[in-house]
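One structure, as structure tokens, below. Some questions next.
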Amino acid sequence: MDAKERVARRVAREIKPGTLVNLGIGLPSLVANYVPASLGVFFQAENGVIGLGARPPEGMEDRHLTDAGGGFVTAVPGAAAIDSAMSFGLIRGGHLDMTVLGGLQVDERGHLANWKVPGKMVPGMGGAMDLVTGAARVIVAMQHAAKGQSKIVPRCTLPVTALRRVDLIVTDLAVIEPSEDGLLLKERAPGVTIAEIVDATEAILIVPDSVPEMDLAGGKP
Amino acid sequence: MDAKERVARRVAREIKPGTLVNLGIGLPSLVANYVPASLGVFFQAENGVIGLGARPPEGMEDRHLTDAGGGFVTAVPGAAAIDSAMSFGLIRGGHLDMTVLGGLQVDERGHLANWKVPGKMVPGMGGAMDLVTGAARVIVAMQHAAKGQSKIVPRCTLPVTALRRVDLIVTDLAVIEPSEDGLLLKERAPGVTIAEIVDATEAILIVPDSVPEMDLAGGKP
Amino acid sequence: MKGALKPEAAAELIGEGASLLVGGFMAVGSPERLIDAIVARGTKNLTIIANDTAMPGRGIGKLISAGLVRHVIASHIGLNPETQAKMIAGELTCELVPQGTLVERIRAGGVGLGGVLTQTGLGTEVEQGKPTIELGGKRWLIEAPITADFALLGAWQADYVGNLNYMLTAQNFNPIMALAGQTVIAEPESIVPVGVIAPDAVRTPGVLVDHLLIRAS
Amino acid sequence: MKGALKPEAAAELIGEGASLLVGGFMAVGSPERLIDAIVARGTKNLTIIANDTAMPGRGIGKLISAGLVRHVIASHIGLNPETQAKMIAGELTCELVPQGTLVERIRAGGVGLGGVLTQTGLGTEVEQGKPTIELGGKRWLIEAPITADFALLGAWQADYVGNLNYMLTAQNFNPIMALAGQTVIAEPESIVPVGVIAPDAVRTPGVLVDHLLIRAS
């Protein structure tokens, strides 16, 4: 099981039956693979569909049905097509139960930076600021470090995406819960020690007596 | 031709081809009778239809299709059903080319009062304030006087509907155009003299040298 | 969507003093069976937010006649003489709101906006006591968002996951109110299998709907 | 609705320096033939307001590649490296707006509201230079309405009076932009007789549409 699969499987455990969930492009989009259909979850693509499905069969792609990354998708039975105002009305109005987003940095305040690297990458925030501000629950799914640098930092050096404290960080090494007191280490990846996590984390972690291993079974069926 | 028909026929002359028009309940709703179908006008009922048609054939009324007064209507070919947010978005956003409303008073500033008689009639403003504020053109269609009292007054004594100066007043006696300088007498009803109009009007009227008779042929075909 | 409820069970969810957004325009598009169940249960001190209070014997008019309503927020009450009589008698209070402002305030509440900036009502009684702001060289009235404990909707079709559509002018406030109720209960005229309402025909996504009323027997 | 225009005739309506709302999300739902006609005509100094600038060779990307765009208002330009390169080279300027704020600003412009009160962007670079207001115990960013000289829409069907509907995610910004263009030009995939699009299937009423693009030959 590679690092990304581990993260996706663990995030899938957070998804509750019958909820509305938005998955960011990249790593977060893999989460859908581990959510059983029996859960009755609807995935939203913010470009305008509730009930996003898997990739279409080869040769059956429709250019009127894509996800927020522009890739061909399908729609599940019971899907609804919506315009951008309704789509972000759902997000901003608190109707979206969960969003799973990638991250460049998360800091000890729980602030996420994921939209800009000044001077290097200025793609625009797309829907990220609305998602982090409005979703009932925000989960950051990312690699613990990039190019040897911890992505969990004392204070974001990159521009933040919102003032809102994210609810959970899931990485290939650990599950961390930002709280009023700081970053609480909740779980570790199988075979990874607390010391290894602390060592790989630039931010201060609050380490409780017991840190269980992640459950990687995927979404609860 | 009774007084109401005279007003309705004259207002119909104001309606331009291919426009979107909202007619208030009561006298204003009669205007539709004098607008030829060839004009391609769409009538809006603010409760949610663009393309309001005449009364349905007996026994074919549908309880899902009524006008803003709650009466059964039809929809013309090319009609669109819209929700209240879109309906008032069209009104407030300047997409409504004309509204024709009844009036209790209009004053020398061109301010309309048509929603409340304190202590007597407190029905609520419904869509009137939005219509007067937002429509591209506002025409007041009413009797010149009620119970012997002029409805065209120096200053509204009843609560006004909006700060916006209405564009035209059409009564059974006269056509009057509110302007920055005051109320300009534009036309008189057939057989009615200027003196009679001035006499029946509590407000000061600006009377030009020539005041032609109203054209009561109805909408231009 | 949690499933279909009998009208009595739906009415039981609604406690005394609850605030209810109720769809419909002069009772067209109002959830009549749900309203009947509330009347039967006699839930008092309700706040009703709706375009109007219909007329005696129809839609919201039945709640008014039964004396269950303490406060009304509406654009028009003129066609229900009982509402006016009870207001004059001090049995209920009434906030009158321009219709376009009302729907936009409900939308703002539903989509997480802080208020509505409109020119409707400026210089009239509607402005009294409200903040205004100068933006873009114009003055705007700031109107507050509206949400409620419940949204009670009348719909045309629902499918098994709660997707709704509406019929002609029975649509009116319903799809906007679906956004702004803490709990959303929809009374459709028919309930159809998933797929019968095509994605582009859905006007209210099922994710907004908590309960459907079971089919009329 | 004034009738159907050839793409060249539609492009001629658009003068140098015009502002264009362009529907589409990564070119899905964008009016491609209309864009091709603008590129062929070479109308310069355009301001483009859209969710994104697509990618080279598709949708708005073709306007960018042709060097016709002076200013972009968008939520995302990351998948079009030419937009970023031209921005760095100083050939165009770019205002980045959160996607939900962008669509709501366009809606506000289209429906006559004075601005948008949102929490999105508070405490970020997006807040800089903008007014905020305290309402209901929370702080809100005041974002300005957006309108433009033209709205260029991609639609699925149009009928002879200009009523439009859309297909799945090709809908996106199109119905909102239809409200906010001084002149609205729609490029439907097919044009059908009046009545083929039922009243409840209309997403953009024809009264908002000034011109249709004639059918593709």
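Think of it as A, B, C and D in the order they're written, each chain with its own count starting at 1.
The definition used in the following text is that a residue touches a chain if its C-beta (ideal position, glycine included) is under 8 Å from a C-beta of that chain, and two chains touch if they have at least 3 such contacts.
A quick note: this is a predicted structure, and the numbers were derived from the prediction, not measured.
Enquirer: Among all the other chains, which ones are in touch with both subunit A and subunit C?
Expert: For subunit A paired with subunit C, the chains in contact with each are D, in label order.
Enquirer: Measure off the straight-line distance from the CA centroid of subunit C to the CA centroid of subunit D, and report it in whole Å.
Expert: 32
Enquirer: Using the average of all C-alpha atoms in each chain as its centre, how far is it in Å between subunit A and subunit D?
Expert: Inter-chain centre distance comes to 29 Å.
Enquirer: So what's the Cα centroid distance for subunit A and subunit B, whole Å?
Expert: 55
Enquirer: At least two partner chains per residue is the criterion; list those residues in subunit C.
Expert: Residues 104, 107, 111-113, 118-119, 166-168, 171, 199-200.
Enquirer: Send over the residues of subunit A in touch with two or more other chains.
Expert: 49, 75, 81-82, 85, 88, 92, 134 - these are the residues of subunit A that touch more than one other chain.
Enquirer: Which chains touch, pair by pair?
Expert: Pairs satisfying the touch definition: A-C, A-D, B-C, B-D, C-D.
Enquirer: For the complex, give me every residue of subunit A touching subunit C.
Expert: Result: residues 18, 20, 40, 42, 49-51, 75, 77-82, 85-86, 88-90, 92-95, 134 of subunit A touch subunit C.
Enquirer: Subunit D touches which residues of subunit C in the complex?
Expert: Going by the criterion above, the answer is residues 104, 108, 111-119, 131, 133, 135-136, 138, 140, 142, 144-145, 165-168, 171, 199-201.
Enquirer: Give every residue of subunit B touching subunit C within the complex, in rising order.
Expert: Counting only subunit B, the residues touching subunit C are 45-49, 62-70, 75, 81-85, 87-88, 91-92, 116, 121-130, 133-134, 159-163.
Enquirer: Considering only the defined contacts, which subunit D positions touch subunit B in the complex?
Expert: 1-2, 107, 110-113, 159-161, 163, 179, 194-195, 199-200, 202, 205-208
Enquirer: Taking the complex as given, what residues does subunit D use to touch subunit A?
Expert: 25-29, 51-52, 55, 74-79, 84, 87, 96, 98-101, 103-104, 107, 118-126, 156, 166-176, 203
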